[in-house]
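In order of appearance the chains are A, B, C, D and E, and numbering begins at 1 in each one.
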Amino acid sequence: MSAPSLLVSASPHLGAGDSTPTIMWNVVASLLPIVAVAAWFFGPSALLVTAAATAAAVATERVLGHRGTLGDGSAVITGLLLGLTLPAGLPLWMAVVGGVFGIAIGKLLFGGLGQNVFNPALLGRAFLQASFPVAMTTWPVPAAAGTWWALRGDNFAFPFTSPRVVDALTSASPLGRMKFEQQPTALLDLVLGTTTGSLGETSGLLILLCGGYLALRNYLNWRIPASIFATVAVLAGGLHQLDPRYPGALFMLFSGGLMLGAMYMATDLVTSPVTNRGCWVFGAGVGLLVVVIRIWGGLAEGVMYAILIMNALVPYLNRWTQPRVFGARPVEPAT
Amino acid sequence: MMSDLTWIFVSSMVVNNFTLMLFLGLCPFLGVSGKIDTALRMGAANTFVLLITAMAVWALNTFVLPYAPYLRLIAFIIVIASLVQIVEMVIKKLSPALFRALGIYLPLITTNCAILALAIFQTNRSYTFLQGLVFALGSGAGLALALVLMASIRESVELADVPAVAKGTALVLMIAGSLSLAFMGFAGLLSSS
Amino acid sequence: MWRHLKFRHGVHPPTLKELTAGVPIRRVPYPDEIVLPLRQHTGKPARLVVKAGDRVERGDPVAEADGYVSTPIHASAAGTVREIGLWPHPDGSYAQAVRITVDPYSPQAARPRLVPDWSRLGPADLIEAIRQAGVVGLGGAAFPTHVKLAPPKDVRIDTILVNGCECEPYLTTDHRTMVEYPERVHLGLRIMMRCLGVSRAVVGIERNKPDALEAIRAAVPKDLDVSVHDLEVKYPQGAEKMLIKSLLGREVPSGKLPLHVGVVVQNVASAATIAEVFDTGLPLIERIVTVTGRGVRRPANLIVPVGMKLRDLLEACGGLTEDAREVVFGGPMMGLAQAHLDTPLVKGTTGVVVLSAAEVRPQVSYPCIRCGHCLDACPVFLNPQLLGQLAQKERWDEMEANHLADCMLCGCCGYTCPSNIPLPQLFALAKGALRQRQAAA
Amino acid sequence: MAELSCHASMMTTSKDAPPREDLAKGLWRQNPVLVHLLGLCPTLAVTNSVANSVVMGVATFFVLVGSSFLVSTVRRWIPNEIRIASYILIIATFVTVAEFGLQALVPDIYKALGPFVALIVVNCIILGRQEAFAGRNPVGRSVLDAVGMGAGFMLALLIMGSVREVLGSGTFLSVSLFGPRYEPWVIFVLPPGGFFTLAFVLLAVAWHKQRQTARARARATDEAVLVERVA
Amino acid sequence: MTDGAATGVAAQTPEPLPEPAAVRPSSLLVTLGAGGAVAGVLLVIAFGLTLPRIEANRAHALHLAVNEVLKAPARYDTLYVVGGALTKTPPPGVDPKKLEQVYLGFGPDGRAVGFAVGAAEPGFQDTIRLIFGYDPRNRKLLGMKVLESKETPGLGDKIEKDRAFVSQFDGAQPPLAGVKGKRAKPTDVAMITGATISSRTVIRTINNALGRLGPLLEAYRTEN
């Protein structure tokens, strides 16, 4: 018998099969339908903005990151998610700024994949929101105005210059209309996505489906969205009962970035707790903050801030919700 | 009145958080935020000193300073310094362990701008005694919150492969900036009604 | 009373037992050479009693127990001691071993010996006989059986658990033993119960072995209080602490042994071996080994003389296939990969699994993405994610503070890790470092 | 970091260093903000415009130089036990004077600076200089040292203020730089922008230092090789 | 702080302090006391020198504000709110600075044109402080000026910088109502897109202040 060259590796010698790149590229794949629907509603602007954010994220990872980290797909996710949180008419140069900031400061500065504290896409978006508040809250109307292939804003504004805004083609987001004008939006429109808003916050149903696929494959912890939905539904429902001027639970769930945030941002593996109990608490915290900011805060939408604040608490949650070690406090023998 | 106090509390704790929004009390924020444990204690000590300061400043503003406005700063400084000295001695007596843990940082509270800033804000906004107390409580809670958040993040970042140039204060400042960014979500809290 | 029947967490690797589950046990031909390492059990290595050139018969001792937690080692074939020296050991090191050239003309019959009738012996004599026979736990850890059967005076044992789970993928040694020798299992159990003075025994078998369950249930002696239970198919169901939790609902306190909750756990193969020792009068010189995997041509369950070399055993099974990539002693979850085909099988070798290139884990690992899968897998509720990070920074003290000592290196975390981080290896290293430091202190 | 803050006994020059060194060290090599990370509160808080930075820098400079002068003048008569109390008294006096002055001269900027003028009193740099230098050195050297440190502080504020105002408002001293079409990055005049800007500045300093060290090491190796060859 | 500081405090404040083990406390007290006295003298001098200028600055700022919201009156009087009515002279023994003040402007013909009223309420980031002019005769606003705010640059700060927003208050009829888009009625104020909270705070502040002071202002006019 010829002696083959044998591999000597450490146990376990079998693996469960899902590798990190598999997970990441699955997330990317599940985001594509959402991008497609955004393009259906917002025309080529949606694709341009998403592409700009993604290209910036990937390029930053390539230039500043370690060699070979592009293959894991995480930079693509960050770029896509960032793109989906932006308004369709945003100048591309701003999308690029968000992508660069998200990856460089939000991720690489902490040591790259797996070591960052804040969700890079959301950090990039928060940076944009604070930097360009006007451009970031100019919501183009989907589909209705003009032909499909018309741009929905000044996407090609020259770098570092302000976009030109055509007021007739923009409108307040459903949340803003509710908060500041007490004008509700039909639930069906929210579920299907035929409303204004950022690219990925329109169709709640589709996001629920795509995220559900990831949850089924155990690529995200279903407890986080479950906990967020439950908290928001209970709090918003309760407040609505007390004072009908406050929006109801379903409106809260399907409006704004809650679906995308709950399914894709809060569940980002790196920046969410590792313990299951921690995930419940994390979700509850996000839900609570979303309701507080939306109802009592100065902003119409608070999902991004809620997740970022809870991100900061994750290290503490991990420690606090660490399960009891087997046998550390033995249960009474049942005889 | 109640809503006024609530607003003062919320505003000083999160909306205008001393550390993250007003850059006050950065020394402990950057220096004593390595461990959650110490951060909590530092936050508690700070809140305590803030409360005492609020009372003392109220007394000074009501009874002494109307007659000698030019002594305002000196009076604040000296009263606060002596109060911290007392706190230090009390802590040393009651909890030697706490004293050891906070070590050289307790005296630092004296030169912590948050304390003096509280006194100045309180004076400028002519808060009543109760408002001053709530303001001190909110600011203290805000400082403690920022400290604990920073500490828990730093404990986890300690295991990360941070690039050599960014190690240390630059990274801590970036985290502080990110936290500050996240806290912008609280803007306008309770003031929209 | 049996409402528990499960433990929390753990993983569900494919069982892959179909290759050999239905293959009856047969005897392997004697090889030309036997190599007997002096360290085949947990505890102190045995002390040599032969020298080069000595003639040994099958069952003769070549080394005696050196201390209480130690066992003698016997020649598994008649022949001549050729050399005593360093030889590749299954744990990857080189260790003292006795090389015996097997006498090709010997009938390999056992030397007649006075076999005491077990039914007339008291517990002390039984335990001494078991000790003399060099019996160790055959589930893999090879802990000397006589030590387990003689607990300290101040603990009271109320139950013997017989471990028939065999939760490692591929292996069918215990399975075939239960199917083919159920009476031996029960006889061994009866002897152990007498040693411990225990009246109750519980057998736990995973549900994926219905034939074994049936055979063991059918053979339960009328006069013994033995209950047989089917258990969920889940790794590591066969780990002592998990088995006790599943069958009795008791949780072994951290840092303590099963006997602290009144339980002794024995493997079915160990029980069968004890029966055999008193049946034949021969010490532990051969054991049943599953040779399996996609990398071996004729997978089989074999009775193998202890000390047979891997090369000879594989040849007896038709040799390796083209895509054989890794040879593992034991199961794929906790087993040790072998670098040499000259490595001998020892008493604790439950099986030889030859993995094909397609099924070995890729050797590239990614950064930890904190997915938390390892926390969901860890049967003792550790945080392998944090431990792994700490290990990479060599922060041993913090690992200790995070209960590293409770890790039993079952491999669940490594199995489930999508980033392919060798967590069990890191933990083994950390444990080693801590042990070394303690020894130095 | 804060371990260094107020216990600033570092940053001293040896007795026989030339006066030039007293003056120059604070500006860059021992810059109180960029190197020793002291006085971060004002560095972050008031630098959202160049004008604010300059006024704050001047006020701090005034207090620092004034206190150093007075402290080193009267240091012989101050008993050791009450030296810090005396220093604080002196500093607080100068700060109050500065406050009145700013209020009278530039009321708008005084308002914009908020409590931070009064907070100069607790600026670690000032007390640190009294404790580490002015309290034990003659007047001339102390004033030189204070001028150097004050200038270093002003330099840091100016860097921060310029970056933040140019990016955040598109102006420098309220003069528009890029025309009306420029989209200001508002974040830089907001609190998070302060943290980020200082972080970027410190990154740049660290990067510069790292490169210097690498170059020095390379030079040392070259020399070693050369020496070896010669030998 | 070292023990020395505590000694210093003992000299100047009534707080009971344990005496630190200092050498010759009397001499320390003397030194500190002397230092304190010198510092005090210095401060009083500085205070005296700058006070007129500071007061002038304040008066100038107030003058500018009143001038703007009352559209350049010929002169104005300061009135104090005392016991639910306006009065020209504060009651004796009360610090006039502590009383709420409104300013009554007069035209060149000596007729009253309206009141300038200061008010403040919490806004988006922090308290917004403003002053507005109000003519109680025909219940119309004369103008509004934000004195102090920390609203978001480029968005919320339009309440003070956006002429279009500010000019709406000239002639608006309280109680005001914030509307999106174009204003239709004299009570409407078009809010700033994206800065609803800030716009609302301004509107609310004026409404609340008039709700509180409106009757007083009207009553004062009729008295004259």
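What we mean here is this: a residue touches a chain if its C-beta (ideal position, glycine included) is under 8 Å from a C-beta of that chain, and two chains touch if they have at least 3 such contacts.
Remember, predicted model here, so these are calculated numbers, not experimental data.
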item	value
Set of chains adjacent to chain B and to chain D	A, E
Chain whose Cα centroid lies nearest the overall Cα centroid	A
Contact-richer chain pair (by C-beta pairs counted) among A-B and A-C	A-C
Chain whose average C-alpha position is farthest from chain C's own	E
Geometric centre distance via CA averages, chain E-chain B, whole Å	27
Length of the line joining the C-alpha centres of chain C and chain E, rounded to whole Å	84
Centroid distance [mean C-alpha coordinates] between chain D and chain C, Å	69
Between chain A and chain E, centroid-to-centroid distance (C-alpha), Å	44
Residue numbers of chain A (touch at least two other chains)	105, 112, 115, 127, 130, 133, 179, 298, 318
Residues within chain D bordering two or more other chains	85, 88-89, 92-93, 96, 100, 186-187, 190, 192-193, 196
Pairs of chains found to touch, sorted by chain label	A-B, A-C, A-D, A-E, B-C, B-D, B-E, D-E
Residues of chain E that touch chain B when the two form their complex	1, 3, 5-6, 8-10, 12-13, 15, 17-18, 39-40, 43-44, 46-47, 95, 121-127, 152, 197, 200-201
Chain B partner contacts - residues on chain D that touch it in the complex	1-3, 5-7, 37, 40-42, 44-45, 85, 88-89, 92-93, 95-96, 99-100, 115, 118-119, 121-122, 124, 127, 187, 190-196, 198-199, 202-203, 206-207, 210
Of all residues in chain C, those that touch chain A in their complex	1, 3-4, 11, 13-14, 92, 169, 241, 245, 248-256, 261-262, 311, 314-315, 319-320, 324-328, 332-339, 341, 353, 355, 359-363, 366-373, 375-376, 379-383, 385-386, 403, 406, 409, 411-412, 414-420, 422, 424-425, 428
Of chain B, residues touching chain A in the complex	36, 148-149, 152-153, 155-157, 159-163, 166, 171, 174-175, 178-179, 181-193
Chain E residues touching chain D - in the complex, by the definition given at the top	1-5, 7-8, 20, 22-23, 27-28, 31-32, 35-36, 39, 42-43, 46-47, 49-51, 53-54, 57-58, 61, 148, 152-155
